[in-house]
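Here you go, one structure.
Going in written order, the chains are labelled A, B and C, and every chain counts its residues from 1.
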Amino acid sequence: MGYMENMGNMGNMENMENMGNMENKTKTTAKEKKKTEALLKVENISLSFIQYASGLRQTELKVISNLSIEAHSGEILAVVGSSGSGKSLLAHAILGILPSNAKLDGKMEYNGQQLTPEKKEEIRGKEIALVPQSTNYLDPLMRISNQVIGCVEEKNEGLMKKVQRDIFQKYDLKPDVDRMFPHELSGGMTRRVLVSTAVMSSAKLIIADEPTPGLDEKTLNETLSYFKDMANRGCAVILITHDIEAALKISDKIAVFYAGTVLEVANVEDFKNNGENLRHPYTRALWNALPQNKFQAIKGHQPMQDEVIDGCIFYERCSKKNELCSKGIPQLKSVNGGVVRCNNVS
Amino acid sequence: MLDKDKIAGFIGNKILRLLSLLIVVCFVSFMLIQYSPIDPVRAYIGEMPVSAEHKANLEEYWGVNTPPQEKFLNWAGDALKGNFGISLIYRMPVTDVIKERFTASLVLMAASWLFSGILGFILGIIAGMKKGTWIDKTIKIYCYVLAATPTFWLALILLMVFSVYLGWFPIGLSVPIGVTAENVTFLDWFLRLILPALTLSLLGVAQIALFTREKLIEVLSSDYVLFAKARGEKGLDLVLRHGIRNVALPAITLQFLGFSELFGGTVLVEQVFSYPGIGQAAVAAGLRSDVPLLLGIVIVSACFVFFGNAIADLIYQFVDPRIKQQEASI
Amino acid sequence: MSTAVVTVNKGVFRGFNLRQKTLLIIGFTSLLLLAIVISSVEFGDESLHTNFGSKNLNPSPEHPFGTDWMGRDMFIRTLKGLGSSIMIGAFASTISTILAIILGLLSSTGKIADSFIAWLVDLFLSIPHLLLIILISIGFGGGATGVIIGVALTHWTGLTRVVRAEIKQLKTQEYIHISRNLGKSKWWIATKHIFPHLIPQIFLGTILMFPHAILHEASATFLGFGLSPHEPAIGIILSESMKYLSAGYWWLAFFPGLSLLIVVLAFDMIGENLGKLIDPKNAHE
């Protein structure tokens, strides 16, 4: 909890030993984090769907495999991956709100306790909050303020209403928004409303699913700053996005998601120059694909979910592959303060 | 302001549509009957003695000697003045017969419409909430069986059980034609209503329950319910907060769209229970070639169905805030 | 009985996967319906001899559905009635399907045709269905022919809408644009490209029409518009039974109606399970 104090004093420069540059500051905090236990630990989970294809033939579709991540209090973990790689499903798996035909294996721990389905049901909305991906996640026929307040006992309603109004005020949502229906909101307003729901909940772990698409530069920065605020208040934030630049602006760590698994968890300061500090070939390729870097797109595409792959999942597209890579999934290795799943790293 | 204009426009539009529909319906029905090999005058006269003068009048109006177009124009001209002719079998103006009969039927239909709507909605919500459990399966099977049940058979079974076996209700429920509404006590009337209304209600449940179930399952797998769950809402609270809100409008709309089937059911049920409503009159008019009455009933039933559809439309366009908004922004 | 079918599913079909189960249900029910039709034709009219020595008998092993006031075996009468119901249903559904296909394809040929057909559908739906059947049957001279024509001419609306919607969707697809650019005629595209894709939907639509057609025919007959009293029909049997209700001859109405219910349910089940095979989206329910 010493960390929280530290964060609380962030504005107070005198307390900071190292006030040279931004990068160093993040490094220290990140290192400090290593020592404390993770708030959320996801170990080796896999997720598949049982489906019926035409003619009622049963098939199993694997969408997440061997995935591990950790989220620490006061830290933002960005989960970056392309569309359809299973990011939203990861969020839903943590909250225990997967569809009924989904099959989830593996281990999750929250605050040192096993995260069973019952436990998930008990703490979701209270300890863990979701900031969902789109307007579709708001009830189309319910007025905004009722939704944001949520399901509360009658005697608390007045109080909650006030809290909601305060939060809206802070996010610059005018009083008439309270009585609007979701379809009457603009994209930016929707974002702020969705973020407010998480703030209302006073949760310790916030999972934000793609909170930034379709926002202009200013609103984007504003939205990101909300999450930074939450982390500064001591929450653990998992920021799901496919916008690597946005992720780099505020995150402490970046988990690179590819075809249903995490290939690397890197510290934000590893993303610099030519990406020589990055561990996985895919991460490096992603970095180099950015316009301000080499602007080189990677060839090929993500494997489909029904393709069976024995070796490294990135094998097809990797420029550094060797024989070993097609035989067995590479082990997860800790390298230089991050983790990576690649044979070619030491 | 805007709403007022819109509603006026809506009503105007509906009235125009109803008028054009009625013209076509009348014309087509009239021609169908005219070109039928059945000769109304003979069918009618075959039953009872009439004076030569009366017969000549009828011949002139309905007889084979007048060309159909002329007959239609005669009839339509009178109809426009509110005169739909004299019912051949009841020997009363068609408008009077319909007024009396339709009122009786309306009571029956309204009772079963309400009851089946409420019961069906509740059953559908329960089944959808408990999807996959034995409760859901029981409700589903009940609905499937009911949907396959011949209306008149269920009516017969209820009649056998409650009137013949238990003796709770008289068997011959009919009141002779000519006994007017005032001569029937409220209790008589109520007793006559119960079994037919029960039959129609039981059958009406199936469609609305299955629809509500489907809709609720759809809503429960929507993103917004997912989010509500993620925020810790669950169980009955969740269904009450988000389920009912989103299912009610489509379910009510469907119930209004069901006027046509309701009318068909009434025809059958009235026949079995000898309930003196418009359905029974329709069957009598059809079997005994009472052309003026049959045409009158066709018109009334078309208006009735149209009215249901119009209300469904109204709900869709004015009550759902999403649609309201879209229209306003255009 | 119907509940029994469903519970039997559970016991007997355990260990089969959904596909096998679905196919088995379709197979069984089709077989049952086929057996009814064949045996109704097989029993000659002589098996319906009047026999006043054995009139108004309770159901017994010898006469499982009892006998009527003329001593006729109600089981055989019911079977024959069901047979004719199914055949009338088949005929009416076929005619309605053909109408639906023609009108549906026609609606794809142009804007005017399309709105005309939409209007025609609305017109047919504007009068309560049963009343419409009565009206048409009178128009065609009443009797069995009248009712059969009435049923056949009024069940196409739903399938026409399906076909229309399906075509609208198909038309947005690439290869149809290409054919159009190659200068193929509208009718050529409709029959060569669009129609084959519609076959599963049409087949399903026809099956789903059956129960409605059968019930409507029985209803109209019950009301007295259809088949004449000496012809075998469930509607006739039931309207006759009304005369004997107060005498307590419950079997006259009970079994024939229940059998009709089961036949209708069987068609519903076939339709539902075929639907699952064609479109498995909702299969995991």
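The rule is short, and it goes like this: a contact is a pair of C-beta atoms (placed from the backbone, for glycine too) under 8 Å apart; a residue touches a chain by one contact, two chains touch by 3 or more.
Keep in mind the model is a prediction, meaning the values are calculated, not measured.
The interface carrying the most C-beta pairs in contact is the one between chains B-C. With respect to chain B, maximal separation of chain centres occurs for A (centres as means of Cα atoms).
Once the centre of each chain is set as its mean CA position, chain B and chain C turn out to be 23 Å apart.
The distance from the centre of chain A to the centre of chain C, each centre being the mean of the chain's C-alpha atoms, comes to 55 Å. Interface residues of chain A facing chain C in the complex, by the touch rule stated above, are 50-58, 100-101.
Interface residues of chain B, counted against chain C in their complex, comprise 21, 24-25, 28-29, 32-33, 35-38, 131-132, 137, 141, 144-145, 147-153, 156-157, 159-160, 164, 171, 217, 260-261, 263-264, 267-268, 271-272, 282-283, 286-287, 289, 294, 297-298, 301-302, 305-306. Residues of chain B touching chain A in their complex: 221-234, 237-238, 241-242, 245-246, 249, 320-322, 325.
Chain contact summary for the complex, chain A toward chain B: residues 92, 95, 97, 99, 121, 124-126, 129-130, 132, 134, 136-142, 150-151, 181, 183-184, 197, 201. Considering their complex, residues 2-3, 6, 122-123, 125-131, 134-136, 138-142, 211, 215, 218-219, 222-225, 234, 238, 241-242, 245-246, 248, 250, 253-254, 257-258, 260-261, 264-265, 268, 285 of chain C touch chain B.
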